[in-house]
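Chains: A, B, C, D and E, in written order; residue numbering restarts at 1 for each.
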Amino acid sequence: MNENGSKVIETINLKKEFSVKVKNKGKIRETRVLKAIDGINLHVYEGETLGLVGESGCGKTTTAKVLLGLYPPSSGKIMLEGDDISHLNRSQMKSFRKQAQMVFQDPYESLNPRFKIKHTLMEPLEIHGIGKNKKERYEMAKKILGEAGLRPAEQFMERFPHEMSGGQRQRVAIARALVLEPTFLIADEPVSMLDVSIRAGILKLLRSMIAERKLAGIVISHDISLIRYISDRTAVMYLGKIVEQANTEALIKKRYHPYSEALLEAAPNPDPEVKFSLEKIKGEAPNAVDIPSGCRFHPRCPKCMEICKEVEPKEIEIEEGHMVMCHLYGGAGNE
Amino acid sequence: QFVASTEEPASGDEAVTNQLDPADQVPAIEFWIQTQAADPIRYEAGLMVAESWKELGFEVDAQTREWASMSAEGMKAHEHDAFMVKWGGKPERVDPYHWLYSMHHSSAADEGGYNIAGYINPVYDALAEEFATNLDLEARQSAAMEMQELLARDVPQPPMFKLELKNAYNQAKFTNVTPGVGLGVYSFWNFMNITPKTDDKILNLGQVNDINLLNPLATKTGQDIYMLKNIYDPLVRLDVKGEAVLWLATELNEIDDTTIEITIRDDVKFHDGEPLTVEDVKFTFDFAKEVNSPTYKGHVKSIESVEITGENTVTFKLFEPYAPFISNTLSQCLILPKHIWSKAYEEKGAEGVLTWDNLPAIGSGPFVFDYWRPNEEFALKTNKEYFQKPKIDAIIRTPYAQAIGLVQGLVAGEVELTSANMLPLDLEAVAKNPDIAIVELPDEGSYIIHYNMRTAPFDDVYARRALTMAIPRQKIIDVVLDGGGLSTFSLISETNEFWFNPDVEQLDFNLDAARKELENAGYRWDDKGRLYYPENFQVTPIMPE
Amino acid sequence: MRLAKYLFKRLIIVFITLFILVSIVFLMFRVIPGDPVSMFIDSGLDAESQQLMMKLYGLDKPIPEQYIIYMKNLFRGDLGNSFTYGKSVVEVISERFLNTLVLTLTSLMIAFTLGIKTGSFLAWHRNSKIDLVGTILALIVRCAPVFWTGMILLSIFAFKLEWLPLGGMTSVGQNFTGFWDKILSLDFLKHLILPAITSALYSMATPTLLMRTSMLEVIKEDYIELAYAKGIPEKKVRRRHAMRTALLPVVTIFAVQAGLAIGGSVLVETVFRWPGMGREIVLAVSSRDYPMAQGAFLFIGFATIVFNLIADVLYAYLDPRVSLG
Amino acid sequence: MKNIFKLFKKNIIGIIGLSIFMFFVLVAIFADQLAPYDPMEIQFFAEGGVKRLLSPSMGHLLGTTYMGRDIFSQMVIGTRIAVLVGVISAVCVAFIGTNIGLIAGYFGGIVERILMGIVDVMYGIPFLPFALILVSVLGPGVQNVILAIVLITWRNSSRVIRAQVLSLKNRTFIEAAKLSGASDFRILYKHIAPNVVPVSLIYVSTSMASAIMSESSISFLGLGDPMQVSWGRILFTCYQSQAMFKAPWWVLPPGIAITLLVLSGYMMGRAFEEIANPKLRER
Amino acid sequence: MTLLDVQKLSIEYRLSDGKLRAVDQVSLKLESGDVLGLVGESGCGKSTLVKGIINLLPSNGRIIEGDIVFEDVVLNKLSKESMRKKRWKEISLITQSAMNSLNPVYRVGDQIAEVIIEHEKVGKRSAMEKAEELFDLVGLDRGRLQDYPHQFSGGMKQRAIIAMSLALNPKLIIADEPTTALDVIVQSQILERMNNLLKGYSGSMILVTHDVSVVAQTCTKVAVMYGGKIVEYGDVVQVLKKPNHPYTMGLKNAFPSLIGEKRELVSISGTPPDLSKEILGCRFAERCPFVIERCKGMSLEKTEVENGYFYCIRHAEKEELRKRADLPETWESEV
């Protein structure tokens, strides 16, 4: 599937740093640099969905926001359909906005509580001057809402967010993201706030919308078993870097990076007869302010070697389309 | 806006015309009234005056002003139309030099001068000069009489009314209360004479405000100055009626019009034990000039030199004859101890001496500075070695900030004497304590409206006279003062019998007469009752003879 | 060390703030109509004497020069000499300031002790009638103008019942050896009661309502539930867990209130003739005693700012979550 | 908005507050009709004496002042100033404070630093002394009193609104709006502003209360508008004329009226506070 | 030995406009050593049930019928004081969102010590020593006892709470969603630790969660809750492998798994019932694909099975229903 499409979005050594106030021993804060994403290379083809997994705080959301221009990147490039969009001016930004959209994690937070659904959906149209008049925009909004599975749409158009369930709101959020007919869609943990019994519905809706519109999609989750059901390829992220990237099923079958291994092992299984394996990795991910030297995973890595403590591994293609960043495979010593 | 004008069309007489040139309309009067906070009497009275003027057809813009701005812009810069103040009747004004010369001589009409109205009348000036320089009392008196007549006719700044002051004291504890002219019981003589009836010989004096500054060279307020007079001695003092009596001086010898020889007592000591000598007297006057004391300046500027001419004598040489020299200069200049002030001068310099708080104040007077806790208490004790001993042992002066506290203090017996004027409600309150007695005394000063003869319509004598006749003196006394006042027509109080002229013209409240006055001068009214100048109007600054 | 650095930084900001304040006030005073000398014009200062006086006060110089001189002196801690008192402003003010502090701090102490208790009580009985009535009562005392409450209390307790003095700080004729002697005397205490209660009543609402609100929020916190689950007796939960945490914002507001109260002290001081700072500023403004008014304003401003700073630091130290910077 | 109103309707304290406030507004509107006399007119007996300090009677419902003025009429007319000062200051304070808070919070960076720096400086200014000086400079008058109030009190609301904006700014619905291409202006005034309305309303109400209180304090110190009757000035006159121990009918009504009107402001503010802070609402 | 016997417990909340029955006639039996998983969608009454058990309902909540028997003591009839003494000593409750359950203004160590001092009347020193042991048990550094909660990461707070819950070796630990906010890796670490610790002194636990996978991995028994009722109860393997209630069947389908072939996810359409309204018959009827007329009738039939029970009137057809439930089409009647 990858080969027949063109790269809709691509990042080259993308970095994002924040300066944050960190409290030290005393009562006084000091300013430190937090490397939220630290040089990532990603691409998504048309009609393809990329899954992004990783622990909390590893930079998934930041990646999404940088890709969408909500945060300016600190360095590196973002190419949307071949054009560098890292440094757009105001009006260019506005037209870029039409092409890239996002579905947020928390459906309770992502809708303006003081807007009726119709206002939420019609506003982007109004901003971009799509549709001749209010009525036309209303129709467009209604249509997309129906497609998002909220029927009868007229009725939902008049509601406020607090009058709807979480699943319904997430459908509105998807509708809003798609009303501008973007070419690129990111869904950041689209179902993690929802009840299990309705998650599948939302994921399915997303998948079908991406497929129907031939969008390039990125779906973010910390739950790799969910990613499996929606993404074609999966990238595993750890502390601001993508440590492994491959076709989803291939990754599940054979993962090379010890972190991916741990992540998959730890994922709970609904089958009571297959129990957890023993604790594989220790502790929790360190803070992005104090990134460990060498391979950033080495303090938790069960297979840590001397070199891992000093040298940062390079990305290598271990199988076709399967990238990994680990000294176990990189031939220790080259650089 | 409550100052709604209740203009009635002037009663139908021939002056009412319809086709009047708007340019002829009499310009509006900006009338400054003091704020209610500063003085409710002036405030209420001012409003009543404004109302009354409106009835005559004047347009009046009554504005309230804080004292500070009114005095800077009006009293000092003379940029007013008209405003109302109260001039205090201090003992040093018993000789009416201030009223008659300072306030009306043309030389004082410039900025900062006391001729606030800008009254310029050559005839008057001549009389005033005579009054100021002729040492002959009778000549001065007759000039004063004539001047009062001129003023009553030309009304540059008419007096309106004065208060009947009432001071309270505790008669169960003290007797022999001796109010002095202009100061009531705050007078030096009262502190000297008041006699305790009981063993408690400490006099608790309650006042509204505190003492501010005890530096004789820099102090400004009456409260301070008259307190200083208990601590320091002048060469002469003004007695309860305002007449000069010898004090430190034992003998005054007018050698000629400009030379006076003075002999002083030899038994006076400063509170620190140093004797008071002619050195100190000479030093005081020289020093005041040297450091440019603003307090002494006005007094000592007439002095050319002071020389020690004997063991106990000094001779003053004046630039020119100055009639009130004894009553107004010698009585006001307190003698400073040279040993203290020359040392202070060395340490602080001229400016430092003037900004010095001079604590503890060391003088030679009958009372000795004891302690002062600002805004709480100020205490004097009696000078046991003084040549004339007070009957009390000490004075404790408490500032009450508000009259109401003071009155309650009186009722409660905390306060045994106060020079604050008791208003009707206060009297009612103090009546609760039968020990409280009231001394009544007429005020020597009065409430005055300062017109500004430099601006219209006050430049015209007929307008001034009409406006003066529209001042509802009696109504103000009845309503605002609850009857506790008297109408006045001369700046000199009638109790000041020697100088007072009872026969001056009295432009008392009479709206009809006021209208007549205007009419006769050709003023006209339109059908709304607004006042217009006569045709081909010519300003008449003073009453033609 | 770090704290010192932080405080240093903050103090610099405090100084800048004060500098701006002083400049504003300085300029404001120069544009007020009226000058300090003409105030006394009627007591017999002729034109020449007035000039001398202006010179003495340094008011004969052009305003920019006056400003520079004032600032220069200010940096040396010299606020100039009061026109009225002829004394150094610092000397006059520090005395008044102490008087004001004694009054405000006493009243705040009363207000906060009572307020905190009442507030937590109301919150604990939330939704009950007591709560509603208590809340409304707290609002009412806060809404009654202090000067009016003062007048009423004076009428009742000082005038009608004659239990307490009518005003002032001490009775006539008391001889105190020093500040503390005075402050600790029974006579002083008697004078303190009414004004302190008056302003305490006024200030009480803030801690009461804040404590109530804060408690209501805290009560909903999970750690309160956990405390119950832990089998901690209700009293201890309330005192140790709920009140302790709910108190944090209240403690902070104490400092802020102190600043406010000092600024607002003029009203109570006027009614009770308390020889404090607030009254002084009114007098100074109306008599155009520039150095005095500027100084008083500066003192109050300084107190306000310092109290705010104290509030910030205090808060950071009481609440482990909060840091400074 | 509707939502706020609905919640408000449920809030007893808010409703009481609103009722009191509306009562005074009505009195203010119909003051001329309600006041039987000109409040500054001195009343005389038929035989000529001034009606000094009469206790309440049918002719003078709340008695008379020392100068023989009708206190009831003064109270009624005084309502006007109170309501006027309250409403105008509140609106100005809320308008300025909200906008400054919105702009500072939203744009951040240097704009925020400058604006909040100004606010910090403002916090160092003690209100009453400042007002006294300002009124001395500009002269007494209602407009100057309002100016003083507004100049000082906007600081409170701007700080809180800014904090509110800071938290709203990172809410995802704002990011969603940005993604839709909304301009800063649109985000600020269409998305963020409506969400700070409840907080703004707290400040409208409480600023109103504190403005009324400030006006009466300033008037009580004798610096109010000398040509207008206000409650504070009635109290001042009473205090100054030394009748305060004698004439309860003169002392009590203005104090009660001030208390009630100020109370109404705080009560409404409290209601809005509970609306803005759901933690306090649901129990 | 029966440790806990909940008999027909019903709990209601008073609302401003009516009542809400959050727990309706719930019966449960727990033997010592059991680990019971309580699963159900958000709002189905799980927290209410467990709070009801230790008598910690919010002020508007009330037990209206039923008994809670804990070791032959009827908990709901105990005086306030004796109930208080039982708390934590015998039953400890890890409340939902334990992240926020630590008082921010006290040191973590002090908070653990507090409960030990309160119940065992020991000195601060020995309480702190005990706390140190507990920290060792849960794998936290002893030194961190001196820290404040905000200095802990989420996982560490969770561990600290678990340490606290074990402080008095209670016979029963109730853990309300203890790992919901955590990353999978940390979650697996913690669950495993807890399991081992409980086994160490044969304590029992009720684990509240909405994640069937977690139950499958951790528990011996499971109770499936829906709309205030326990619709199915039994041994874990039994219930998850061979669900009897259609809701359990649906739930099982909705969980993704990394093991085995990629499977379509199925969601249960519709939303859970509104508990503030009275519901006749089966609560799941609205969303059940096997609904028949009788389901909405009055009676609820309880079917006892080995070690458990379930409520479904079509219990006779359970084999067939199970087969149908495996097919995604079954659940896709509506969106």
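Things to note:
FYI, a residue touches a chain if its C-beta (ideal position, glycine included) is under 8 Å from a C-beta of that chain, and two chains touch if they have at least 3 such contacts.
Remember, it's a predicted structure, so these values are computed and weren't measured experimentally.
The set of chains touching subunit B and also touching subunit C is given as D.
The minimum number of touch steps linking subunit B to subunit E comes to 2. Counted by C-beta pairs in contact, the busier of B-D and A-E is A-E.
Chain centres here are C-alpha means, and the one lying farthest from subunit B is E. As a whole-number value, the distance joining the C-alpha centres of subunit A and subunit C reads 54 Å. One simple way to say how far apart two chains are is to compare their mean CA positions; for subunit C and subunit D this gives 22 Å. Between the Cα centres of subunit A and subunit B there is a gap of 89 Å. Residue positions 37-38, 66, 402 of subunit B are each in touch with at least two other chains. Touching of two or more other chains is recorded for residues 136, 221, 239, 244-245, 283 of subunit D.
Residues of subunit B that touch subunit D in their complex: 1-4, 35-38, 40, 43-44, 47, 62, 64, 66, 402-404, 407, 423, 425-426, 428-429, 478-480, 482.
Touching subunit B in their complex are the following residues of subunit D: 38-42, 50, 52, 66-68, 136, 140, 221-223, 226-229, 233, 236-237, 239-246. Listed in rising order, the residues of subunit D touching subunit A in the complex are 3, 171-173, 175-183, 186, 191, 194-195. By the touch rule above, subunit C contacts subunit B in their complex via residues 32-36, 38-53, 55-56, 81, 84-87, 92, 95-96, 158-159, 166-173, 270, 273, 275, 279, 286-288. Interface residues of subunit A, counted against subunit C in their complex, comprise 21, 23-24, 26-30.
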